[in-house]
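Next up, some structures in structure tokens.
The following pair of complexes shares a single chain, subunit A, combined with subunit B in the former and subunit C in the latter.
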Partner chain A sequence: MMLRIALPLALPFAIVAVAFVLLSQTDAYIIRLATTFGMYAALALAWNIIGGIAGYPSFATAAFFGLGAYVTAVAQNLGAPLLVGVGLAGAGAALFAGLLGSAILHLRGKYFAIASLVIAEVLRELTNSWTSVTGGGMGINLPLAKTTLLTQPQLYLAAMLFLAAAATSASMLIDRSRLGVALRCIAQNEDAAQIIGVDTRMAKTWAFVISSLFIGLVGGVYASWVTYIDPTDVYDGAMSVKPILMALLGGVGSVFGPVLGAFAYLLLEELLWRNLLEFHAGILGLLVVLLVLFLPGGLSQIRGVGLVSLPKIWRRAP
Partner chain B sequence: MLWLQVLVNGLAVGGLYACIAVGFSLVWGVLNIINILHGSLIVLGGYLAFFAHQYWGINPFLFAPLAGAVMFAGGVALQYCVINHVMARPFLITLLLTFGLNLFLDNSMLALFSADYRKVLLNPAPGVFDLGSIVVPADRIYATLVGLVLISALALLLRFTQFGRAIIAVRMDRDAAALLGVNVRWTYAVAFGLGVFMAGSAGALLSAIFPISPVASAGYLSKAFVICVIGGLGSIPGAVIGGFALGVIESFGALLLGPEHALTLAFVLLIALLAVRPSGLLGRQGFA
Partner chain C sequence: MTALLELKGVTKRFRGLEALSDINLSLKSGEIVGLIGPNGAGKTTLVNVITGVHTADAGSITFNGAPIAHMRRDRIARLGVARTFQVVQPFPAMTVLENVTAAALFGGGAASIAEARDAAAHHLAFCGLTDQAGKPAANLTLAGRKRLELAKSLALRPKLLMLDEVNAGLNPAEVDAALELITRIAAQGATILLIEHLMKVVTRTARRLVVLHHGKLIADGPVASVLSDETVVEAYLGRRYAERMAGAGI
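For the complex of A and B:
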């Protein structure tokens, strides 16, 4: 019993600690990539809690990400230290998710997707127009964090990797808990889950809140890391879709799939961005199309499937 | 008088807005797909009209059905060759597919036409209808009229032609329709093509009123969302009512909160409406 709880709590942090020690002395490019990986992994894991395990296709990632980023930015500009600022970002996003969830979590499927998609647009417009607090379309600068032990890049590498580990722990714990069972029931058949006595409303809300907590924290760390944010950057719709792609690449609903998917996505993105500055979004779009058509089950599907048998996957459709 | 003028301003774009949304609504209703590509298709229709006007001097209001017809063929091919392969999958998959296609089309248009805003400048300018105390911009009235004609044509086609009936049958029960000899894959392709037709026509209509640019596509897609949710998905009258409602809401929102908040107001309404009445004002099962 102890092991069932202790292992998920300890293992991800141990791996991340080793990774940090190995990576923190490498050059700036590797550190930046590793920090981005931590961010992507945390976002994909967080989306997977509501989108994968519970099967509620949320497109609100950008909303919570941006909200977290702006809460941190405003708090730090008012004099809050980094840790408090990021904590407020997570708390703010989680609170907002709790309130929002009571309004939109009774929607199913496409209606939920559209409602969640619109949240980021609304928040972006509000941020744009609330110039006195947010700086409006001009964006907002964040103060540099005071660090003694670590350099700036090392600090944010540690923070993002820590969040990725925490999100992994949370996913593993949810997977083994009653909440996880409830969420999987909801994903399979929500009406049936309700009939056998699952408190679906409670379970969905918790999943949404936990997911948003991590997304808000990541947004807060991101804002502190880049030290300048503006509404179009942090409320970018692509921020809602990227985690879904990562989870799809790695395998939706599994615990470690999103981590694998985040890694694969980061590699692809880095290759494309470096070689095709002008047309990278178009190629990313083509990749999405190919992924959906040929690998709907994620990378794990590749096992034992060579290029030769691709037509077989093609034919299996409708 | 100001209120009446604002109301008329809103109603004047209503038919155009309905035209923007009706194709999206058709694809959602019949194919069960959220077509993220819709906004880019509208912009593409706008570019077709822009170049037709620039090189051959064709009036965009008359060119609209032609732009739709050209794009119809592309839409049928896209559905038949690509999207049909994932029709049986969860809607998240089809949504991501259209999202990917949208990224590709947007980026292609950006590379071909650049992000500059362009607008068809009609000569002579359409001007306004002066009705004494209020004025009505003529270009909007033309767009709304052509839009309503096209929507009526679509409604008649769905109601009275064999293909239209097949589309409705597939919408109601895909398997039963297949058993009765309807070619489901082909019907999906034509239904998607019709959605693209309406997007292309809408784009041509608005090219003389609003500036067009690849970066504007997300805005038109959001309008289609809002209109469909207000009116109710999967019904042509719903899209028309939603279109006029959005026109009026935006018009009054611009007056009361400033033009930059007009769409935000529409979004807030959308969330509120979804929370209270997800099926919209006229929503029901089945299309038309």
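For the complex of A and C:
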């Protein structure tokens, strides 16, 4: 029993610690890539909790990411240390998700998706107009973190990898908990879930809160890492779409799928983006089209389908 | 004996249509009651109102002393009200065992997933589904899915079990097997409301019969007297059936 709890908690952190030791002495480019990987993996895992396991296709990732980034920026500019600033980012995003959840989580399928899509737009406009606190469209600078043991890049590599490990642990724990069973029931048949006594409102809200907590934390670390943010950067709609693509690539609803997907996506991004600078938005669109075409059933219905089964689906499709 | 379920003046309207009007019904603990009526009489609506899927527009519903007319459906389920669906509602991608485990975990009040799984295995054995436990629910035959519905309902450890057309779409052999299962469930002491089209099933299991017609309760009493009731014969059974039943001495 203890082992069943302890293993998911410890294993991802152990892997990440080894990875950090191996990567921290490499050149700046590799460190930046690995940091981005940690960030993508954490975001995809976080999205997967609400979008994959619970089957609620959220397009609000950019909202919580941006909120986390701005909470950290404002807090650190007011003198809060890095750790406090990032902690506040997570808490702020989680709290916001709890409140928001009661308003939009009763919507299902595409209605929920559209409602969640609007949130980032609203927050971006608010951030734009609240100039006295957020700096408005001019953006906001963050102070450089004071570090002793690590260099700046090493610090953020460690932070992002840590968040990815924490999100993995959380996903593994949810997967084998009551909450996980409830969320899977909700994803497959919400009415039937209620009839067997699942408090669906509570379960969905928890999933949304846990998911947003990680997204907010990642946003907070991101802001501290890049030291300058503006509303169009952190509330970027692509920030909502990318984690979904990663989860789709790797396997929606599975625990490790999003990690695999984040890696595949980063690889694509590095290979294609760099060589097709003018056309990368088009490629993103094409990727969406291909995924939707060859993963039939639509976003909210796909579960456990991943890269491995793509060739099979390919053969089956017309 | 006090009533387990008590409906007083329950009315449900859908726009202009009065699906249930002024229903007064009381079920005693341990009773098996058949609910019959023509298509569209409001039988399923009645179950939906009791389980909280629909909210009654008027009237009160009391279950085990607690008012449940405005309670959320998951809370009603946890109080011990279970139902099967006319159109089966499995969790398709989960295995048969996982389906029943989920029911035992939430509605059945199991303390842990392991405990819920043990309870689920027991209910699967009871419903004759042990062989299918590892299959995805989507791969079951219709008869199998109806049994799965029953197993899920039983896993809620219900005080009141409402079976909505569990035999619809089954062949005669499957109906007999289902009938045998219902009799065994009844023997365990749960109160059962049996919604049926097949008179064979109703007359064999229920002692009391309730008849709905156009949303109104037109008869309520012992099976034999309800089946010979003039209004019921006119509304639902038809002359020929009544004569045949009289000839058979029921």
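Following the convention adopted for this analysis, the second predicted complex is superposed on the first by the 294 of 318 C-alpha atoms of A that agree within 3 Å, B and C clash if a C-alpha of one lies under 4 Å from a C-alpha of the other, contacts with A are read in each partner's own complex, and residues count from 1 in each chain.
Operating definition for what follows: a contact is a pair of C-beta atoms (placed from the backbone, for glycine too) under 8 Å apart; a residue touches a chain by one contact, two chains touch by 3 or more.
Since this is a predicted model, take the numbers as computed values, not measurements.
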Subject >> Which of subunit B and subunit C A:L248 touches, first, second, both or neither >> reply: first
Original post:
Is A:L144 touching the first partner subunit B, the second partner subunit C, both, or neither of them?
Top reply: neither
**OP:** Give one of first, second, both or neither to describe whether A:R176 is in contact with subunit B, with subunit C, with both, or with none.
**Re:** second
Original post:
Of subunit B and subunit C, which one contacts the greater number of residues in subunit A?
Top reply: B
**OP:** With the two complexes superposed on chain A, say which partner A:L271 touches: subunit B (first), subunit C (second), both, or neither.
**Re:** neither
Original post:
With the two structures laid over each other on chain A, which partner does A:R184 touch: subunit B (first), subunit C (second), both, or neither?
Top reply: second
Original post:
Between subunit B (first) and subunit C (second), which does A:V133 come into contact with in this model arrangement: first, second, both, or neither?
Top reply: neither
Original post:
Counting only touches as set out at the top, which of subunit B and subunit C does A:T200 meet: first, second, both, neither?
Top reply: second
**OP:** For A:A192, decide between first (touching subunit B), second (touching subunit C), both and neither.
**Re:** second
Original post:
Considering the complex alone, what residue numbers of subunit A touch subunit C?
Top reply: 176-178, 181-182, 184-185, 188-189, 191-201, 303-304
Subject >> subunit C - residues contacting subunit A, complex >> reply: 51, 53, 72-75, 77-78, 82-83, 85, 89-94, 98, 101-103, 105-108, 113, 152, 155-156
**OP:** Provide the residue numbers of subunit B that touch subunit A in the complex, in ascending order.
**Re:** 28, 32, 34, 82, 84-89, 91-93, 95-97, 99-108, 111, 185, 218, 222, 225, 229, 260-261, 263-264, 267-268, 270-271, 274-275, 278
Original post:
Where on subunit A does subunit B make contact in their complex?
Top reply: 51, 57, 103-104, 106-107, 109-111, 113-115, 117-119, 121-122, 125-126, 128-129, 237, 241, 244-245, 248, 278-279, 281-282, 284-289, 291-293, 296, 314, 317-318
